[in-house]
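Structures incoming, each one as structure tokens.
Each of the next two complexes has chain A plus one other chain: chain B in the first, chain C in the second.
Presenting the complex of A and B:
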């Protein structure tokens, strides 16, 4: 099987789900989610057995199937599956906020659209041409516009949707404008050819820098870095929680593979590498500072995770800016892939707990976590593992990711940005572990609340994520092998 | 043949199109005058019809969401056809090399078909409910 049959399979799965959703009678559409899980799981397994050798056709100038692309495809598939599991837990909330007056909710499509987003993210992982980058990125973004506003009877969800739509359209404009400048100076759309052209010394550097700046702004929107990080807290707070998790992990990962590929072009050019690195380092420092310091006073757990998402973007940009040396035998792109795989595990673990809390208490506030230890020691432990890993406590997978970034920065002697990263990491210990006080020491406001029961699927998913966080924090080899493919 | 003449000949179909279009309009108007029952005026006949609203009412009238649904679907499918034009123009050359051009458009049209069936089934084009 050729490698692009993976995307074809995912799109076909999405179409089948859409038809099932429309034609199978009955109000309970859970089977759509179950079918999606099975199908995506099959594609994930299949992604390890496809034939990746390119043939002579012109298709391969748009599409790359290197190890990095395969890693990001696996991340996209795993993330989509976990988001669908989260969505199953979130159905009562969806039912409430999508129902017509006196009628039933309509949330069948909530489990179809992520499959199309997944296909878009898989194409982004392979995109190696300005046109294929743009088309796959739009497939992801447009589907996300719908998903963010999915709870149409909820004002917060609508507000989040409007903000995401307007800023998303703006950033797309930046991206296309940057692409036109890049095409203007090189006359090419394939990234490898552009890289060769930029390196040949025949290209004017000022317009090339201009295109770099424009593209970087657009990508900053996707990955949640300064200067386009403003939308993150508001959109994350308003969107349905599983979609917040999806934005935070899937959309960010897909943005980072495109960023990695485009930066390879600019950082590979001797004439541009100096200025580009300076801009990237400034972005990394500002992102680290904004993300971590703004997270400190947050009292809403969803907003806290939003600022955490910004701060992680800062670490990742720092890894990319640290130059081609990398660390521990991993190239910068591979460090980012490793960090994102770790980030996927711990962030989705935190969101999985948040979905249950939100369903049972209707709130995302830190106060909603009060007394969680008494209500469900298992959930409290799951969140303990998640926040410890997000903060970067040793023996968790998050620690390894941060270690790689710091090692890369030390190797490149970036002492000032390293200072910002240390400030960020220290601040992280405070704001991530803040929730522990609520869970273990604070008493719930209205006396004792009933215990929380979990479905089998949720329990299994939480257990899997906890195990992955701890085991991969001690035994690094599997993830190393995954990103080194 | 001179170059200018050949270029003008290319525009012959356009001229024919203009003649047919204006001829069709003229014939339609003439037939409606000849066959239509003119002269009997009443309130309903004098009101705006087909593409107009009664000029009395709220300043900001509320439109049914159905209009937006149809408009949106129209724009979507309209744009899809725009993609087919460049494909159709180059198809003859492309298909000589490989069948990729055919299958990619077949895939595109298939996705559209599924989308159309979905819209129909969800009642996006249903006017009475």
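Presenting the complex of A and C:
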């Protein structure tokens, strides 16, 4: 089967789910989520067996199926499945904030729309033309506008949605304007052709740099980097927690594949590479500084994870800016893919615990974690593994990602940005471990709270993610093979 | 499968078993005893004449490019460190928790710290060498915060963030080492230590120097090299006994071990650079003399011991800085001797706190009357710490000082000799603070705090006797350790001289 049948299958799955949600009787729509899980799982397995050779049709100038694209498709599928599992745990909260007075909640679509987002992200992974990038990116963003505001009777969710909508629209404007300039400079929309043009020495550099700056701002919104990072804490805090996780992992990953592809175009041009690298390094350092230092005083775990998401974007931009050499036999794009795969595992583990805490205590505050190790040693251990990995403690998968970024910076002799990265990572030791303080040092608020029970699916997911974090932190081979496909 | 794997995985398996509900103390003791037994077996089977070579090796490739594997091996220095780790771990696990409850976490933290140290000492792959050391980071943080005393929360943050900084600086240095060694060796990226020992010395000297300095800074923070020492004393003072014993006794040796295992043999030009050597000599004199004087000024036993442990690191640095086989031998021997003696002192310190409720020396006195056994052991431990003959510390410090004079220039004194002469005053300083502490706590009229104190019960005596016996046996027969250390040290001294 041709590789694009994956996206077709996911879109069809989404349509089927919408129909099922609308026409199958019964108030309990959990079966929608279960069907989505089965369908996406089948596509994920199928993605390893598709035919990736391009034919002569014009389609392939819009679409790439290189190893990087396949890696990101797998990341998108895995992320969507985990978000749906998180959503199943979050149903009581959704029920509460979508119900009319005295009526039932309506959360069936909560499990349909992510499937369309997934299709958009998979398309972004392959997009190699300005038009296909734009269209797939908008598919993702517009569906996210809905998802962020899903809890329509919750003010926080609505506020987050408005913020996301306005800034998202603004960034779209930047993106289109940047694309327009790029088209104006080169007269092309295909990235490979644009790259050849930019490197031919016949292109005016000032307008090209202008388009680079505009596009970078728009992409910064997607990946959560300076200068368009300030929406992240508010939107993350207000959105339904599974969607926060989705934004933090899926949306960021999709943003990074587009960033990787577009940067390749600019960094491949001898006339532009110097200035572009300088700008990227400045963005990386500023993002590392803002994300890590602003995370220090946070008292809300969701906001803390939001700043952490900014700080990880800083590390990733640093890897892209470190030049084509990469490190340890991986190209910069592969390092980013590796880091994001690791980031997916550890971040979703943290969010999975947060969803359970949120459901049982109704709060995202760090204080809600007080004494968790007495209430549920397993949940506390799961979060311990997640934050250890996020902080970059060795023998976790997060450390390998950080090591690759450090190595790339060392190889390119970027001592000053490396210093920023070290400062950021040290700050990370502090703010990530704050939650350990709450879980282990502090006593439960208000005396002893009841023990927490977990569903079988949640327990299995948590165990899987814990095992993945530790095993992949020791046994590097699987992820190396994944990104080198 | 190598017997060395047992050393790492028995404690980890025990920690997992405890999490699954196994009886905590029994499981922990079993794991610690098994590790001591494995260590004894290793001591018997070890080919001492071949002490410079890795033995009991096992290689398990994880990746070909970059070359990475979970590889273990044991040479003379690693053997001594493994012995230190299993002895101190057994003693630490024998210490009962002061606060009831949460025993599984209490014992598994000790075992995880021990497993991390073991892994770092037996790994022959640079990644695992680094990674295992960090296994201690979170258990230490949890233990000091949950079960510490005094300013334990501040101390827990301080040690965690400070050591986090140290390990990141170290990581940058190690990454630079691996990448430049790969470039010098024709594009092979490898984490294998044996390969790196071949490749890394080919790095140009002008590049070796900054890498060595970065490693010295990273390891130095982990060892509490002056002026990066301020995390150590408060953390050890407020940590619960087993954590302090393991951290001060075993884990802090990781940095020194790394200097001898990685930095010195792989970057000989960096180690030989005169300006780096002079810098190190100045800093280590800061450890010995400045921190020595700071230690004299302490009024509480726990802070006194914490500072003394920082101070004694200076001697080990001196042995390393001398660059001679005798000096290296002394450094390794002192790592063992200091590890055992400081663990013993921290164990006794926690007993004093438990029996009298205070560690302020002005409120203590005459404790030897009500607790004669405690007094006797404390006196012996103090003598060991000062470096009196009969204890391993004596032979170790003697070798360090001799090593300082082994490469005397033809006329006059070199920088190492001057530093050695100044460092000798440290012995006087140690004698002043340890003997004063002994007098103020155990001699004189009993105070309010010590009047009702009882002596150590039989089961409390076991861990301290174990450590004391180790110090005495290896003190009277230092050759037990030297036969393993000497071949290693000679090979190291030879390797760094022959290299360009």
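As a working rule, the second predicted complex is superposed on the first by the 485 of 485 C-alpha atoms of A that agree within 3 Å, B and C clash if a C-alpha of one lies under 4 Å from a C-alpha of the other, contacts with A are read in each partner's own complex, and residues count from 1 in each chain.
Keep this in mind: contacts are C-beta pairs under 8 Å (C-beta built on N, C-alpha and C of every residue); 3 or more make two chains touch, one makes a residue touch a chain.
Since the structure is predicted, the reported quantities are computational estimates derived from the model, not experimental observations.
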Check whether A:399 is in contact with chain B, with chain C, with both or with neither, and answer first, second, both or neither.
-> second
Does the superposition put A:329 against chain B (first), chain C (second), both, or neither?
-> second
First (chain B), second (chain C), both or neither touched by A:145 | neither
Could you look at A:418 and tell me whether it touches chain B, chain C, both or neither (first, second, both, neither)?
-> second
Touching A:57, do we find chain B (first), chain C (second), both, or neither?
-> first
Could you tell me if A:19 is touching chain B, chain C, both of them or neither one (first, second, both, neither)?
-> first
Name the contact category of A:440: first (chain B only), second (chain C only), both, or neither.
-> second
Which partner, chain B or chain C, is in contact with more residues of chain A?
-> C
Footprint intersection on chain A (chain B / chain C) at none
So, in the complex, the side of chain A touching chain B is made of residues 11, 15, 18-19, 22-23, 57, 59
The residues of chain B that touch chain A in their complex are 98, 100, 111, 114, 117-118, 121-122
In the complex, chain C residues that touch chain A | 19, 62-63, 65-66, 68, 70, 105, 127, 130-132, 134-135, 137-138, 141-142, 145-146, 153, 157, 160-161, 164-165, 168-169, 171-172, 175-176, 178-179, 189
Chain A residues touching chain C in their complex are 327-329, 373, 377, 381, 384, 388, 391, 393-395, 399, 403, 406-407, 410-411, 418, 422, 425-426, 429-430, 433, 436-437, 440-441, 474-477, 480
